[in-house]
Amino acid sequence: MIHLKKNRCKSCGICIEFCPKNVFDAAVDGTPIVAREEDCSYCRLCEKRCPDFVIKVEGEK
Amino acid sequence: MSNDYQVIFSGEGGQGLVLAGTILAEAAAIFEGKYATQTVDYGIASRGGFAMSEVKISDEEIDCPELIEPDYIVALTEDAFNRFEKEAGKSVIIFDSDAFSPALEGDNIKGCPFTTTLRRLAEEYGNKARINVLAIGAVLGLKEIVSLQAMRKVFEKNFGAKNADINMKVLQAGIEMTRS
Amino acid sequence: MAFQVEDYLREDKLPHIWCAGCGHGITVRALVEALAGLQIDPTSVVVTTGIGCFGKADDYLNTHCFHGTHGRALAFATGIKVVKPELTVFALMGDGDSVTIGGNHLIHAARRNVDITAIVANNQNYGMTGGQLSATTPEGSRTTTSVYGTAEPEMDLCSLVAAAGASFVARGTVYHVTQLQKIIQDAIQHKGFSFVEVVTMCPTYFGRYNWNQTLIERMNWLKENAVSKARYDKLPPEKKESAFMIGKLVEKDTEDFNTKYQRILQKAQNQG
Amino acid sequence: MSSELIKFGQGNEACAEGAFKAGARFYAGYPITPSSEIAEIASRRLPQLGGIYLQMEDELGSMAAIIGASASGVKSFTATSGPGFSLMQENLGVAIIGEVPCVVIDVQRSGPSTGLATKPAQADIMQARWGTHGDHAIVVLYPSTVQECFDLTVEAFNIAEMLRSPVILLTDEVVGHMREKFIIRDQVKVIDRKKPTGPVEKYLPYQPDEDGIPPMAAFGDKYRMRITSSTHGPDGFTNSNPVNARQMIERLYKKIMDRADEITYIKEYMVDDADILIVACGYTARVAKAAVKQLRNEGIKAGLFHPLTIWPFPEKQLKKAALDAEKILVPEMNLGQLVYEVERILKEKEVFGLHKSNGQPLFVREIVDKVKEVAK
Amino acid sequence: MSSELIKFGQGNEACAEGAFKAGARFYAGYPITPSSEIAEIASRRLPQLGGIYLQMEDELGSMAAIIGASASGVKSFTATSGPGFSLMQENLGVAIIGEVPCVVIDVQRSGPSTGLATKPAQADIMQARWGTHGDHAIVVLYPSTVQECFDLTVEAFNIAEMLRSPVILLTDEVVGHMREKFIIRDQVKVIDRKKPTGPVEKYLPYQPDEDGIPPMAAFGDKYRMRITSSTHGPDGFTNSNPVNARQMIERLYKKIMDRADEITYIKEYMVDDADILIVACGYTARVAKAAVKQLRNEGIKAGLFHPLTIWPFPEKQLKKAALDAEKILVPEMNLGQLVYEVERILKEKEVFGLHKSNGQPLFVREIVDKVKEVAK
Amino acid sequence: MAFQVEDYLREDKLPHIWCAGCGHGITVRALVEALAGLQIDPTSVVVTTGIGCFGKADDYLNTHCFHGTHGRALAFATGIKVVKPELTVFALMGDGDSVTIGGNHLIHAARRNVDITAIVANNQNYGMTGGQLSATTPEGSRTTTSVYGTAEPEMDLCSLVAAAGASFVARGTVYHVTQLQKIIQDAIQHKGFSFVEVVTMCPTYFGRYNWNQTLIERMNWLKENAVSKARYDKLPPEKKESAFMIGKLVEKDTEDFNTKYQRILQKAQNQG
Amino acid sequence: MSNDYQVIFSGEGGQGLVLAGTILAEAAAIFEGKYATQTVDYGIASRGGFAMSEVKISDEEIDCPELIEPDYIVALTEDAFNRFEKEAGKSVIIFDSDAFSPALEGDNIKGCPFTTTLRRLAEEYGNKARINVLAIGAVLGLKEIVSLQAMRKVFEKNFGAKNADINMKVLQAGIEMTRS
Amino acid sequence: MIHLKKNRCKSCGICIEFCPKNVFDAAVDGTPIVAREEDCSYCRLCEKRCPDFVIKVEGEK
């Protein structure tokens, strides 16, 4: 599961750009949308690269 | 103290509120030969949080920049609005009706579609369309406390002749928001 | 009981005050990941900070915190660690904090080898006060106090600290987050003064005046220009200009101050 | 043709422009809110004027660098706020004992310590007087408008040059950041330090003329210049003889105190028939002026004594202004500083303080209310 | 069995021994004449007591290190003189706003600046009160004998711990270097800071009890401790709300000022029937006492008011002592510092200063002569 | 007119206050020999000093002098040199002065590359205040504030300054006076920040507590243990312990600050 | 103030004058139960230049360590002598007649062969024979303001039992210089 | 010629010990005596090593 605390998101776009599995799409306001969760490898890079503590990835592959 | 005007631009860091106040005050002080002061209250600069800019314009020398009874208060965020809502009546409050809808309403509380207007302008002029200029316009729409000629001149001085046109257009859009 | 990342965070204080895309959040993330990775009890951790955007980091940490003055974090941390060797003590500093105003404490902390983990978020300028020149601003860059481009060469933090005697020196970036977490873990576990430079991003000021690229492009720039020592050594000269080394640069096994001081205590008490 | 320039800008900007107009061509500093605009302007403008902007590693170094540059003959200044001002205190003493003219601008913010960096206060008033260790006197000017920022900065340099002494220009966050119209005056009086004229071998860097001020050579002149932070004889060499020490320490003190009148600037508003006299400086003086107007409208005879030179405190002038007032009110953005000096000077009067220390400026209403309360 | 120890030693030594007796186990400092003996003794004795001596890279770091150590639960102190005291001013503010108990000893020497390093002065009296920027109150004790050096250092720690505040122990080169017999008292009252007791989650590091003092956890306790130099709320997080700011700043001020009586130590000698009252502290108080004796022998009714607590200045006590005196003399080894405070307090009296600033202490004869001159 | 050694000296102030056998006099001698060697007009020379025994050096020099505060000589010197590039500016400092309290100015002066010649008389302790520990006191040594032997490693001044970016770094000793004079001459002629460490002797304090040898033996010790880089590299490990390198350690041709600043002036004035 | 004694040891840095004062005062304070103060005046420590040490001994608590009329002044250098020569009469001045010969002479100005005596003692006891102890002896030779038992004890405490003997011998030599 | 300003000499012995030509003898007070000036090579090392500015060597070989 990929949890997003969207109220913290500042739309920097990092998660969207650097997800190795291209899991996210960008909403109009620049925040991420979990578009392809099934592709997620649970690498947690998005979580670690998000400057705003928005993302929490749970699970393993 | 005839012909005194007191205006507050409030919202959050990054909206260019200081510039709004500066531009308006400078237009009056330099291009209309009046006296004007502009002061600010801000937290950690440019990192969000409540911020405001106060302008006083007068025909006479200004003893003290403190605003006693602001004529116009522009509130671009809900936080800012809440801080000032009790002034409504003594002051006219202009707020961004796209951003929030206050409980209080009335004659002296004017909602204007700042966000959507800005979006529309942005389509035309890109990021040169700024919310702070729109805010000045909104005030001038209620009362032309500074002439449009002076505004043009201040734009020319600060942003160059080329950008003055755009800014005048944005200003005009602001004026229309409150005139209508 | 296993500590979660959240146990080290003051989530009630989020969202934080940092700008969109500011690297400071990524660095704090790496720190709490490292703490969780090592399962260190948050009540045995003291985080000292200076003043600056990065100096605000302690607001988001659920450890003991000391928010001191600009440039002095390491001096406060030294007082803490020498009297409480059992605690894990950090000094989180900006580049201005650590080496510009705080350079004297930095070099002497490195020399003294007190077992503190220093983490410097190097964003090449003073974010907090509006983007002025720092000692790490690359020569020629523009800042709010160097509109004609700065005439001063930048300080190489890692070389400086190594020369001052630091027993652990490493560099990471906010792109290379997994490595960064690992570096911080190693720094914590290293007994003695550990220094970690994090090359990070201030899009609001340094970026605006210098990058000519978007935040995303900057992340990619970090990805490309930050290379391991091995790769760095093999780079052709023209590539070396913008490239820099990341990873562990120094790791020496030298006794830390507290261990040595134990002997002084024994000596004094035997003589007494 | 006058090249006077009318500008609309901040107090900080006017300070910088005043410095340039006074002839300052060197700035060394370390940025700090709410003074950083001065650094930013200096970094842009000084190179245009052929001068030099240097960002030092800290405030200790900044203070040192401006002293070094001034000793080399170039008028120099720095700007800071509380934390940096504290760090400058040690080297401020070098400028005092070494008799090196320079100007230090302290834009006061809310403390203590880091406090609230973007909020105003007037809590370094006593520090400006007493912050460095050891016996000394110091000149401190405090503007209240943007124009005064310009004018008093020019004056600060003039006094510094005239007295061979550092001068502190104290402002506060409100004054530093407020914007007003101001004139970059063209025809300002600019004073330059006295240079030695006699034979080179006879020059003694600390041998005062009759006015108590030694002519000052610059490094690189044919006169050998010595600046020292130690207690010294006229030759600039350490001298611990008590007679010499007394002479030196007292001369440094007297060259300032004996000229207090010459360097005193005050403004008065409706003091002549005032029953209650308000003593206020900096931004607070402006609030007080508005309060006086309002009080007069309400029939209360208030007046304002507004010192622009706050150290040496204009003792004589205050006594005169307060002659007929029964009560005195000292409003300050602090827990009480200037009020102590006023109490000391106006022994026979009832002196009240109005103290506000919460990051906000005083408001007109607060002064009005306090006057009414006190007037009862 | 009492383990009291009679020693013959310097004021500096007695300060160090007082600190150890009060429970100090950490010293960080940077050597400077005339305080270095304190560092040297600490470096020798602390390790014997299981404590730690750290020589820091400078005085800024020294002040920081003792704050860090004290926040970790270990009583800490440093010692310096004028130049170093100036450098400690910024971080002194951290101890004040962060409410970290610690003791700073300033052995005054002749300034300004480097001045005369081995010669005495009392010219940091005002700096001790006002040296750091921003609003604050501070406790300053000033011994005059070697025994008082011991006793007041113990007291300084006790006050620091009681008030969660730094305390300054001011001495001077004469007091610091003079040798006398002193007792390392065995049965001294030692006060330790209040610790929190409630539930861990509820602990707020700056939530005061009714006495205005927040219980203090140490780093490493189960209570999460936050120390901050910013204006903060009870939770230790930055808070710029004006109501909160006022509360915080005023509480820090009041916790000291409201307890002035409790922490005031004075000595009086022949004040009851004195026509002329001498107000003096530190070494000068001893000279003054000898002068009073001599004057009494000559039939002149002099008396001595000798504050050991100089800040907050014992206003009430002085007023009482001066009740029947017509004239007041304030002799000081400076150009006038305490005299301003005395003037302010004793409005109705004729207050005279006797100021000597030349690297020498005042002499008995000088005070005697001045009293005679003034008495006329 | 040729300048003699005496033209740089205030002979009227001699004998100086330094103790018998103190190396500070030898260092000052090397300095004036160097000035005479280069025939520099004494009125174009500014000597800044800090506070310490070596800080008294300016009392004996017939140049312009600035006797500042402890640790700040380089900051004063920076102000002087940037506004008067035509002057030859020195900062004479003790080890306490230069790198202990003054470390921050030292590293930033090195980085900034202002054309100042810094000469540090390293006597491994604080002579002036009675022989306390300094950052250059060798680990284990005894001083008046480390009677049990210091637990802190000493700072290698030359490595530190080199890492900070100094373009000229050299070390000499008071035994090797001819070389020392030459080094100082080269340092003066080098355009940019030049750093000269002089390993010297404080017989009164450091010597008394640590040497176990006479002053003459100490001079011989210097003679034997100070070796050229080439010789040092060839020494067997056991000899390396007490040995140290002398001679020029760094000499780089990098533009000094004033030269770069000239371009800023031009740029600003063209834009203006 | 009965039984008050005031003594000055003066000369230059490095002669151990502080120690002379300390030893004498400590002997009185600790080993004779009296009150004693010792103060110093010095320039840059241990680097020559005028230095002095003042001792006050009394049966009563001492208000002020300042010496009003010193009883004995030891002057080991000409500079020191010149500073004090005007006190002769009120005070007895003891000087090193090997080091200089003052213009002034008289009953209250006593020349003693410090240097040669020290040289002689040094042959016997090496550098453990110190001029400061000799100076104390010279004062005690004129008046036993502190008992010899107290002096022995203070030597034992400060230099150890073994060296106390030597110091007592040096002290004795000092006493003989002025007694004779 | 080797000139000595003896009033400055502090008897450290450096000149005596390190003269390569052994030109000096030590007087009883430790100050140098020019004993064998004829051996002097005018290297000026004594001058440069004297911490007290006592010695001035004039001449060349």
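Letters A, B, C, D, E, F, G and H mark the chains as written, and numbering starts fresh at 1 in each.
FYI, a contact is a pair of C-beta atoms (placed from the backbone, for glycine too) under 8 Å apart; a residue touches a chain by one contact, two chains touch by 3 or more.
Just so it is clear, the model here is predicted, and its values are computed rather than measured.
Engineer: Return the chains common to the contact lists of subunit A and subunit G.
Structural biologist: Neighbours common to subunit A and subunit G are absent.
Engineer: Would you mind checking which pair of chains has the most C-beta pairs in contact?
Structural biologist: Top-ranked chain pair by contacting C-beta pairs: D-E.
Engineer: Taking the mean of the C-alpha atoms as each chain's centre, how many Å separate subunit A from subunit F?
Structural biologist: Whole-Å distance between the two chain centres: 56.
Engineer: Quick one: report the Å distance separating subunit C from subunit E, using the average Cα coordinate of each chain.
Structural biologist: The mean C-alpha positions of subunit C and subunit E differ by 38 Å.
Engineer: Between subunit B and subunit E, what is the separation of their C-alpha centroids in Å?
Structural biologist: Roughly 53 Å, centre to centre.
Engineer: If you look at subunit F, which of its residues touch at least two other chains?
Structural biologist: In subunit F, the residues touching two or more other chains are 18-19, 51, 67, 69, 100-101, 103-104, 108, 128, 130, 135, 148, 261, 264, 267-268.
Engineer: Where in subunit G do residues touch at least two different other chains?
Structural biologist: Residue numbers touching two or more other chains: 43-45.
Engineer: Please name which positions on subunit A make contact with subunit C in the complex.
Structural biologist: Contacts found on subunit A: 5, 7-8, 10-14, 17-18, 45, 47-53.
Engineer: Can you name the residues of subunit C that touch subunit E in the complex?
Structural biologist: 13, 42-44, 46, 48, 51, 58-59, 62-69, 72, 75-80, 82-84, 86-87, 104-105, 108, 261, 264-265, 267-269, 271-272
Engineer: In the complex, go through subunit E and note every residue touching subunit D.
Structural biologist: 60, 81-83, 85-87, 89-90, 93-94, 96-98, 108, 110-116, 118-119, 121, 123-124, 126-127, 129-137, 228-231, 240, 242-243, 245-246, 249-250, 252-253, 334-335, 337, 340-341, 343-344, 347-348, 356-360
Engineer: Going by the contact rule set out above, which residues of subunit C touch subunit A in the complex?
Structural biologist: On the subunit C side, the touching residues are 9, 11, 14-16, 18-26, 29-30, 33, 60, 174-175, 177-178, 181, 215-216, 219.
Engineer: Which residues, counting only subunit C, touch subunit F once they are in their complex?
Structural biologist: 99-104, 107-108, 111-113, 135, 148-149, 151-156, 159-160, 162-165, 254, 257, 260-261, 263-264, 267-268, 271
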